[in-house]
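Here chain A shows up in two complexes: once beside chain B, once beside chain C.
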Partner chain A sequence: MTIENKKGWISWFNPFKYGSDRWMFALHRLTGIVLGLYLIAHVWETSNILNGQVTWNKIMVDLDYPFGVHFGPYILSLVLVAAVYHAFNGIRLTIVENGLMLPRPYRPEYPYKAKSLSGLNNVLKIVLGIFMIAVSAIGIIYIFTGVII
Partner chain B sequence: MRESQIMFLQYMTGLLILVFGSFHFLLISVLSPSPQKVLYIYSGINASHILVGGTLYYTWVKAVYSSLIWGSVFELLLTFLVYHVFNGFRVILSEIIPGGRAEKAITYILFIAGLIVFIWGTRTVVIGLGGGF
Partner chain C sequence: MEQLILKDFGEVVKTVTFRVRRYDPEKDDAPRYEEYRVPVQKGMTVLDGILYIKEHIDHTLSARYSCRMGICGSCGMIINGKERLACQTQILELGKDLIKVDPMGNYEVVKDLVPDLSKLFRNHQNVKPFIIRDEEEPKGEYLQTPGQRERYAMFTDCILCGLCLSACPTSASDELYLGPQALAQGFRYIADNRDLGFEERLNVLDSKHGVWRCHFSGACSEVCPKGVDPALAIQLLRQVMTTNVFVRFKQKGTETGPERKSVSGVS
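Up next is the complex of A and B:
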């Protein structure tokens, strides 16, 4: 049986009119796809270590200066932020989707506000959000300056 | 495998990637064998784009690939990542293209694609450990 997917994939990236969880879902998908494609490129890129010093260093430089601009740190920062977001939101999903930190089941009553979208889940979002910003900042500072905090 | 088992593994590999991925990030910073803990060092100030050092310099990356511990970390990380990424792609594609036959096709195609990435990465790790640079 085929189930119609009326709005299609475009609806994943339309978190407007919905709550913060929907935004997080959209970003989780987006970062997941980007990181997945990055993994494939990264496996290819690192396999060049077997091709000797000249090839490896040339590829490192070409990836760092793709258009004659020192671009590598920006790409790496984006990958880092995507990975950190995906990781911390993934921790939250592992907790929440397994039924932890959610309210007890209750009878749905008008106006049907989901209790699962408030309370501990929100605290978790804020705590993990703070960690996320801290880890991203440490990473970006290292990528650009080489300074390890 | 049942879908619930597949998703359980998705969560587990996710957590394992978190652990091993952290090692990977430490490797190109604090734990790098490079004496200067910075990604790139170029020659001269107005660099003619000649890499002369940094944690991504050939010598240090080669040293990492020659180490049995790091080789094992890479291999495990690769295994978890390939499962997590390609199962993630499968879930996404199954939602875009619904239907039993489509899902089977997606599963087979992504399985083969994942296997290729896994073999390609394993090849790097194994040859690197064998000293075949």
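Up next is the complex of A and C:
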């Protein structure tokens, strides 16, 4: 008798020892799930305006001060960073998953470093990473100070 | 000179602990870990360590292996959290005193470190890994230039070890996913200029559990012991599929060379 040895969905979040692309996949999954849950919560939150002004104001304050501490901007910053990462990595995946910016088939040579995970794919990661940091920084500054750079 | 070469030969450098996942279908209900102390000589691989355990400590330990030099692709295991061929992993290069050996994931386990690879072979079979032609009997040889061969040559190096399916996070959650190995082989035959079977392979490759399920996490290319780069093959195959929607992908199929008579006169 054989037994099942499936790694299961939990192994999506085990990117150790597999390189940068695997890390980006794990983060993409994680941010996707987080944003999906946020979207549901967001629809619920804004639907409360149907219950009148008092309820709306109370909900807004409750979400801005969970457990009596001013956590609102921090939570919003996290959601913003997740959304920015998901968007920019999505752009990268759209490009590389259509076979663009990848090398032509080549002759592998020892020590067999995969060229599809480096080269232009890495350039794309760095360029979009810089954009990612810039957009996140602008967004976080706006959340905390209300100033648009 | 001779003294220099043989200086460290056969000398025990250090002793490491092997933590091996054991499962005996006749006795155990669930897998368990057992530890073995193995003296390590210079140049000893993980497979040598497992064979040492089998010879000197515990004879009941089972593992798949055959050639011991990375050609047959039988000894795939998860060593210290990463899929590797046991025969190509030097114990001293790992640099750890504890070596954790697990059977490959995403396969069923027959015993100890022996996975049931029938899923891999079934997927490999499903993409029709052979050249499909119109004519029943080949009249002459099919012509191919070196440049045309270069387009798929790297994907022919696959040794069917199954490490990529074990590393793939999509295979981990989707039982029916074809896997990097089968998709790479699908691309290898579609990119071959002698082949005419694109339409025939389409219903397997262009499906929910086929090429579109890949999310390009690159783990397959990272663990491949032969540098086949299955992730690249899948993305290139996807490019063919996407372009096929707008511009119909047409395989011409190479012409046959001049008809030849065999030397013995019997063609």
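Going forward, the second predicted complex is superposed on the first by the 139 of 149 C-alpha atoms of A that agree within 3 Å, B and C clash if a C-alpha of one lies under 4 Å from a C-alpha of the other, contacts with A are read in each partner's own complex, and residues count from 1 in each chain.
The rule is short, and it goes like this: a contact is a pair of C-beta atoms (placed from the backbone, for glycine too) under 8 Å apart; a residue touches a chain by one contact, two chains touch by 3 or more.
Computed from a predicted structure; not experimentally measured.
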Touch check for A:Gly72: first (chain B), second (chain C), both, or neither?
-> first
In the superposed arrangement, does A:Gly19 touch chain B (first), chain C (second), both or neither?
-> second
After superposition on the shared chain, which partner residues are touched by A:Phe131: those of chain B (first), chain C (second), both, or neither?
-> neither
Using the touch definition from the top, say if A:Gly139 reaches chain B (first), chain C (second), both or neither.
-> first
Is A:Trp9 contacted by the first partner chain B, the second partner chain C, both or neither?
-> both
In chain A, both chain B and chain C touch residues 1-5, 8-9, 97-98
Which residues of chain C touch chain A in their complex?
-> 23, 25, 31, 80-82, 103-110, 115-116, 150-155, 157, 166-167, 169, 172-173, 175, 191, 214-219, 221-229, 231-233, 235-236, 238-240, 242
Chain C touches which residues of chain A in the complex?
-> 1-9, 11-12, 15-19, 21-22, 24-26, 28, 93, 96-100, 102-110, 112-117
Using the touch definition up top, name the residues of chain B that touch chain A in the complex.
-> 11, 14-15, 17-18, 21, 25, 29-30, 36-40, 49-51, 56-59, 61-62, 65, 78, 81-82, 85-86, 88-89, 92, 95-96, 98-100, 117, 120-121, 123-124, 127-128, 132-133
State the interface residues of chain A toward chain B in the complex, per the touch definition above.
-> 1-5, 8-9, 29, 32-33, 35-36, 39-40, 43-44, 46-47, 49-50, 52-53, 56-57, 60-61, 64-65, 72-73, 76, 80, 83, 87, 90-91, 94, 97-98, 139, 142-143, 145-146, 148
